[in-house]
Amino acid sequence: MFLSVIIAVIMIFGAMWTIVTEDLFKAIVIFAIVSLSSSIMFLLMQAPDVAITEAAIGSGITTGLFIFTYKKVEEEKDER
Amino acid sequence: MVEILLVPLITAFISDIFIKNKRLVWFLFLISNGYILYKLYSLYGKWDLTYILNTDYQIFGAKLSLGLSNNPLGWYFAFFSAVVTLVIAIFSIGFNTNSKGNVAPIWMLIIFANLGIFYAADWITFFMMWELMGWTSFFAITNGNTKALDGAKYYLALSLLGGSSMLIAILLLGAYTKTFIIITSAYRLIQLFNLAEGVFTTILLLFIMAFFIKSAIFPFYMWPSKVYAVGPEDYIAFMSSVMIKYGIYPMAIFIVPVIGNLQLPKIFNAGNWMQYFIGYLGALSAVVGTLLAMFQTDMKKLFAYSSVANMGYILLGFASMSIVGFEGSLFHVVNHIVLKAAIFLSLAAVVYRTGESEMHKLGGLVYKMPITFLTFLFGIIAAAGIPPLNGFGSKWMIIQALMEKKMVVLVISMVFASTGAFMYLFRALVSIFLGQLPERYKDVKEVPYTMSIPMIIMMGLMLLIGVVPGVVMKPLTIALDALGYKVDIATWTTLSSSFKNATIDLKIVFYMFAMGIVVAALMYLFGNKSETIPQHDNYTAGENPIEWGVDADKFNYSYSFYQPFKEMFDPLFERISIDRFFSSIGKNFEYISPTIQGLYKRGEGAVLLFSIGVLLFILGGWIL
Amino acid sequence: MNSIVFLVVIPIIAAFLSLFLGKVNKLIAYIVTIFNLSFSIVVLVSGKIPFNVAIGGWRAPYGINFVVSDITIFFLLLINVAAVLSLTTIKEHMEYQFYAFYFILLAATNGMVLTGDIFNFYLFTELTTFAIGGLVAYKRDRLATGASLKYLILSSTASTFSLAAIGLIYKTLGTLNFADIASKISNLNKASLSLILILFISSMLVELKIFPFNIWVVKAYDASIPAVNLFLHGMVSTAGVYGAIRILLMVFSKNSIMLSQSSNIANILILLAFITVIISEIGALTEKNLIKVLAFSSMAQLGIFLFGISLGNYEALKGAFYIVISNYFAKFVMFIVAKNYSVIAGSRNYEDMKGLGRKYPGLAIAFTISALSLMGMPFFAGFWGKLSIVGNALLMDKIAIIGVIIILISSVIEGVYYLRISHTFFSDGNIQDTKLSRINCVLPIILAAVILIIGIYPNSIENIIWTMINEIQNTPEKYIQVILPLK
Amino acid sequence: MTQVFILSSLSLMFIGLYGVLTRKNLLKIIIALNIIETGINLLLVSFGYIDHGITPILTSQESILNLNKMVDPVPQAIVLTSIVIGLGTTAFALALAIRYKITHNSISINASEEEEGRGI
Amino acid sequence: MKDETSVLVNIIAFLILFVIGIYIYSVAIDTGAGIKITDNITPTMRVADKYLNKNVLDDNSTYQWGGTAEDTAANIVTSVVVDYRLFDTTLEVIVLFITILGFGFVIPKDKRKIIKPTTILNRWAPILMLLMLMIGGYTFINGHLSPGGGFPAGAIISTAILTGVLTGRRTISQKSLKIIEAITGISIFSIGIISYFLTGSFFQNFILNDKIGDLFSGGLIPIFYGLIAFKVAAELSNIYFEFYEE
C-alpha cells in the first residue's frame, strides 16, 4: 500500500527537480526516472497493458528522442 | 411604382460595364435622371400607391416585409431633388470630358439609394438604403485620388456610426412597438412615452444622432468642410445640395410629429424641452456655421459651412412646431437645394477653368466668365435671403413662426446668422469674381455651352421660385394636407405668415427691385469710370514681391478678409473644438492598435494567456 | 447508410498512397476531394438524413458511432466545398508530405463533423492540430517554424485540458457517447458540471479564436502559404464552429437553449466574445500586411458568432448562422484575392497593391462585396446576421447590451479599414502588366455573387437555417432517439 | 489508495503546467508538456481504479466469476491511445525545436520572429 | 540571471495554479445534489460493465472460460482497444503516421558524423537484436491473452532495428521501411473495408466462433495487433535513421 506513496513522492520530486534545474541533460535524465516511476504507478493501478506501453514508449522512445535533440541542439555550445 | 427604383439600378450596372467610354456613360446618366423626373411627375397625387416585398426572414417572431410607399412628403423631397439632379447631370456631361476617375456608376447607385430613402415605407428598407448611400458616397468622394482619403475616412466613420445608432434605435422601436412601418411606429411611440419613458428618450436621441450626423447639424458639423474640398466638383454639387437633406426628411416625417403631440409640460408655454433642444442645436449650428464660414480661405470649405448654417435654419423652423414654421423649413429645404446647387455649379465651372479653389489666388473673373459670375451672384443673393430670389420666402416664414411662438433667443441667433451670411457671401463674391485678374488666368474663357445652359436654368429656377413661390408651396401644402395637417392651400404668389392677415405679395416686391436695378444700372453707365491700378502696386510700391521670397498671393486683400473678426472669436474656438475631440478618438484607436499587433506578432505568451482565460472562467463560474 | 465512414477512410488510404506517387498526388487530391463532396451530396439528396452508423457493429453507447443529421450534412458540405475550392489555388508542385497532411486534414475535419463519440471527437481534433501544424510549417523558414511550434505547444496544453474533461465525464456519467451524455447530464452536480464545462470550453475556444486563447491565429495565418490559409479558414474553423454548436448547444445544454446550466459561464462567454471583437478590430486598424488584416477580421467574425450563440435565444442563433455563412464565403474571396494580388505586387503589404483594382476589376469588386458583407452592410449576407443578433441582444440583460454596442463600434472600425484597403485597390498606381489567368478571377466573382444573392433574397438560406434550429430546439429528445433507439 | 493516485497525478499536472508557463528554454517546455501528458494518463487510469481491484484480464474460470472486482478497462484503453499521442506531440515538437534552433539560432521561446537569424 | 519579467511570470503562474487548485478542491467538496466528481462510481455503473460481461449485443449472454462469446479476447483491455472501440486505435495509428512524417519533413537534414560503436556493443548487437525481436513478437502475438499489444511490440521491434543502426550494420533500408509502413497502414483500413463488404458495417469482426483463452482466439484482434506492431516499428525506426544517417 505504501509502495504507491513512495513512488508518488519520487515522481513529484523528480518532476519538480526537472522543471527547476538549469542543466538540460540532467533534466532529461530525471525526466526518464519520472516516466519510469509513472509506469510502475500504472502497475500498481492494476493496468499492466498501460504499464508496458508507458515503459516502452513513454520512457524508452521519448528519452531517446530527447537525448537526440539535446545532442543536436548542444552542438554549437552557444545556448543563449 | 417599383420601376422608378429599378431604372437607376440597371443604368448603374450598365454604366459600370462600359465605364471606359465616358460619353456613353454620362449620356446614360442624363437619360435615366430625365426618366426618373418624368416618372416622379406622373406619380404626383397618387398617394396610396404601395409596393410590398415580403421575405420569410423572421425578426422578433414575425416575418419581415419590406415596402415602398408613395407618401406625399417623400414625393415632395424626391421630386425637387430629381429636378436639381437632372440639371447637374447636364452640367456634368461637359465637366467630365477630361476628368480621370468616372463617378457615374457610383452616382447612379446613390440616386437609387436616394429614391429608396424618400420612398421607404418601413424602417428596415429605410435603413438598408441609408447604409447603401453611406458607403457608396465614400467611394464617390475618394474616386481614386488618395489625397481625398483621410477626409473621406472621417466621413465614413461618422456615417457608419450614425448607421449603427439608427440600427439600435430601429430595433428598439421594432421590439417595443411591434411594427417597423414608419407611420404606425410614430403613433405607437407616442403611446409608449407614458409606459417606458427611458426607452422613448433613448430611441428618440439615437434617431436624432443618426439624422444630425447625416445633415451636419451642430455636434457633427465638421465633416462637410473636409469632404467638399476633396471630392469631384459635380458630384459635390449633388452631395451638398441633395444628400445633406437625407437627415431632414426623416426629421420631418417622424421626429417632428412625435415631438409635436407629446403631452410634455410647456416651458414659458412655448414648447416642451425637446423642441428647445432641437431649436438650440439648430441655432448653434447656424451661428457656428456662419462664424466658421467666415474664416475659411478655400471657397468649397466656405460654402460647406454655409450648408451647415442653412441646416440650422431648417431645424429652427421645425423647433417652432407651428404650421407656418414647418412649411417654412420645408420650403427652405427646396430653396437650399436650388441655391446650393447653383453656387456649387458655378464653383465647379471656376475650378474647371482655373483648377484653383483657394479664394485669394483667384480674382477678377467677372470679365472672363460672365455667366458663371451671374449664377454666382444670383446664388449669393438667394443665400442671403434678399427678396426677389427664392431664399427670402422661407427665411421670412421661419422667423415669423419663431416670433409668434415667442422663442426670442432662437430669433436673435437666426438673425445674427443671416447677417453673418452677408459677410462671408460678399467676401466670396468679391475675392473670386471682382478685383483684378491674376496674369496666369489671362486666357481663361467662359465654360462651354453644355455647362453654361444648366447654370442659366438654375438662375431661372431661383427667380421663378422667388417671384412665384406657389410653384413649390402649392405641391407642399397639398402634400401636407394629404398627410393630415390642417393647412390651407397656398396661392401662386402670396406667402401667408403666422400672424393674422399678414400676407406678402411677392410680385410687388419683384417690381420694386426691378426698378431699383434699372436705376443702379443707369448710375453705373453715366458715372465716371474708375481707372485700374495693378493690384500689387498699392502696397509694394512697384517692386515685385517674388524677389523678397514671399508668395505674392498672401498680399491679396482677400487673403484673411475678416482677421479682426477672427481674433475676436479665436479664444472661443481654441478651447472647445468638437473637431479635435472626434479626430482624437480616431487617433486613440490608431494609437492602441500597434500594441495589440505586437502582442499577436510575438505570440510567445500564448499558454500564459490561455491559462489566464481559464482563470477568467473559473472566477466567473465560481464567484459570480 | 453505413458507407458514410468512407468519407473518413478513403482520404486516409490516399494519405498512405501519397508517400509513393510524387507527381500524381495533385490529381489524387482532386479525385478524393470531389469524391467526398459528391458523396455528401448523395447522402443529402438520399433523404434518409437523421441516421446513425455504428462502427464495428457495436451499438451506440458502447461502440463508436457516426451521426448524420441536418446540421452535420450542412457543415459537411461546407467543409468539402471549402476543400475543393482551396485545392484550386495550389499552382506549383508540392512535396508529397503536403498532400499527406492535406488528406489527413480532410479526413479529420470530416470525422470531427460526423462523429458521435466524445473521445473520437478529441482524437479528430488532435489529428487536425497535427495536420495544421505540419501545413503551417510547410515553408520551413524562420516565421513558419516559430508559428507552428507555438501553435503546437498551445494546442497540446489545450488538448490535455479537454482530455481531463473527458476523463471527468467518464468518471461521473460513465459513458463517452454524446447522446448518452446529453441524456445523463442533468443529474450531474452543478459545481462538477461547471468544472467539466470550463475545461471543455477552454480547449474549444482555442479553435474558435476567442481572445485569451487566440494568440496563435495571426502568426499561423501569416506564416503559411495561401492554400493553407484557405484550409485554416475553410475547413478548420468551420469544424471548430460545428464543434461549438454540437457540444455547447446540444450536449451540454439540457432543456433550455441557455448555453450551459450555470448562466454565469454564458455571461463570461458573452464578455469574452465582444472583447475578442473589439481587440481584433483595433488590432487590424493600422495593420499593413493584408493576410494579417484578414486573420484579425476572421477572429472578430468568430467573436460575433460566439456572441450570437451564447445569447441564448433562437433568433440570435439564426443570426450566428448567417454570420458563419457570410464569413465563410467572404473570407474565401478575400484570401484568394489577397493571394493573387500579393503574387502580382510581390509583397503582402496592401499599399503596394495600388491600382490593381483598375487592372483586374473583377477581383477588386469581389473583395469589396465581401468586405461590405463582413461589415454587415444591407444588401449583403452579413446584414441579416447582424440584424437578428443586435435585435435580440438589445432585449437581454445589461452585459448583452454593452456587448452589442461594442460590436457595432467595432463594425465601424472594420468598415474604415476595409474600405481603405479597397480604395487603395481602386486608386491609380503603376502596376507592370503581369498577366493573371482568367480562371482564378471567376471563382471570387461567383462567391461574391452568392453573398449578394443571400443579401438580397435571404429566403432560401432562411429555411435551411430554420430546419437546423428546429433540430437544436428539441435537441436531446430528437438526437437521442436517433442514436439510442436500439436500447 | 485511490486518493494517492489522484492527488499525485493532479500535482504532476500542476507541476507540468507551471513548467510550460514559466520556462524559457524550448526543450524544457517540451519536457514539461510530457510531464503534463504523464500526469493526465495517471489521472485517467486512477479514475478507473477501484480499491483492491484486480487486473481486467481473464486468466481462468474463477476470474470470470468475480468480474465485478475488476478495474475499469475503458480508461486504460483511452490512456493507451493518449500515450501514443504524447509521443507524437513530443516527436513533432522536438523536430520543430531543432529547426527553430537553426533558424532562430537560440532555443529560448521569445526569440523575435522577424528577419534576422540565418534561415535555411 | 532572472530578470524581473520572468519573476513576475513565475508569480502569475503560481497564482493561476493556486486558484485552479482551490477551485478544484471546492468542486470536490461541494455538497450540492447530483453526481459529484468525487463519489466513487464502480465500473458496473458505467459502460465498462457490458465490456466486462461481454454482452453488448444481447443483454443476458454469459460466457465461461474456454467457451465462445461476442469477443473472445481474454484480455478485456485489448478487447476494448481493438474490438469495441477499434476506430480509436486506427486513428491512433494515423496520429503516429502523421507526426513521424512531420518529424522527417521538418528536421533539418545535414551531414552527421558516425561514432564508431564500442566493441561490446559490436559483439552483443546480433544477440540483442534477436532478443528484442523475440520479445516484440511475443507481445503482439498474444496481445489478447497477456498484457501488451501492438504499440509496445512495435516499440520493442524498433529498438532491435535501432541496435542494427547503432552498429552500422545495414539491416533494412529507409525505402523499404516506408513501403512496409504504407502497406501495413493500407491493409489495416482495407480489412475495415472488407469487413464492410462482408458484414455490412466497418471494422466488424468477421472471424467468429473462437474460444476464449486459446492462442488463436479473438478473431481479427491478433491480425490487427500484428499490423499495428509492424507499422509502429517501421515508423519509429524511421526516426532512428534520422539520428545516424551515413
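Before moving on, here are some points about what is shown:
Residue numbering begins at 1 within each chain, and the chains themselves are lettered A, B, C, D and E in the order written.
Keep in mind that, in the parts below, contacts are C-beta pairs under 8 Å (C-beta built on N, C-alpha and C of every residue); 3 or more make two chains touch, one makes a residue touch a chain.
Values in this document were obtained by computation on a predicted structure and should not be read as measured data.
The set of chains in contact with chain A as well as chain D comprises E. The minimum number of touch steps linking chain C to chain E comes to 1.
Farthest chain from chain D (centres taken as the mean of C-alpha atoms): B. For the pairs B-D and C-D, the count of C-beta pairs in contact is higher at C-D.
Distance between Cα centroids is largest for the pairing of chain A with B. Each chain gets a centre from its C-alpha atoms; the one nearest the centre of all protein C-alpha atoms is C. For the pair chain A and chain C, the distance between mean C-alpha positions equals 38 Å.
Taking each chain's centre as the average of its CA atoms, chain B and chain C sit 44 Å apart. Each chain gets one centre point, the mean of its Cα atoms, and the points for chain D and chain E are 14 Å apart. Distance from the chain A centre to the chain E centre is 19 Å, each centre being the mean of its Cα atoms. Shared interface positions of chain D, i.e. residues touching 2 or more other chains, are given as 17-18, 20-22, 30, 48, 55-57, 71, 74, 76, 78, 80-81, 83-85, 87-89, 91-92, 94, 96-99, 109, 113, 120. Those residues of chain B in touch with two or more other chains are numbered 601, 603-604, 607-608, 611-612, 614, 618, 622.
Among all residues of chain C, those that touch two or more other chains are 119, 123, 126, 130, 133-134, 137, 140, 145-148, 150, 153, 157, 168, 170-171, 176, 194, 219. Pairwise chain contacts present here: A-D, A-E, B-C, B-D, B-E, C-D, C-E, D-E [touch as defined]. By the touch rule above, chain D contacts chain E in their complex via residues 2, 10, 14, 17-18, 21-22, 24, 48, 50, 55-61, 64, 67-68, 70-74, 76-78, 80-81, 83-85, 87-89, 91-92, 94-96, 98-99, 102, 120.
Against chain E, in their complex, chain B makes its touches with residues 608, 611-612, 614-615, 618-619, 622.
Chain contact summary for the complex, chain E toward chain C: residues 23-24, 26-27, 30, 32-37, 41, 45-48, 50-51, 56-57, 83-88, 91-92, 94-95, 97-99, 101-102, 104-106, 178, 181-182, 185-186, 189-190, 192-193, 196, 199-205. Of all residues in chain D, only 13, 17, 20, 26, 29-30, 33, 36-37, 40, 43-44, 47-48, 74-75, 78, 81-82, 85, 88-89, 92-93, 96-97, 99-100, 103-104, 109, 111, 113, 115, 117, 119-120 touch chain C in the complex they form.
Chain B contributes residues 55-61, 100, 124, 127-129, 131-132, 135, 138-139, 142, 144-146, 149, 152-153, 156-157, 160-161, 164, 167-168, 171-172, 174-175, 589-590, 592-594, 596-597, 599-601, 603-607, 609-610, 612-614, 616-618, 620-622, 624 to its touches with chain C in the complex.
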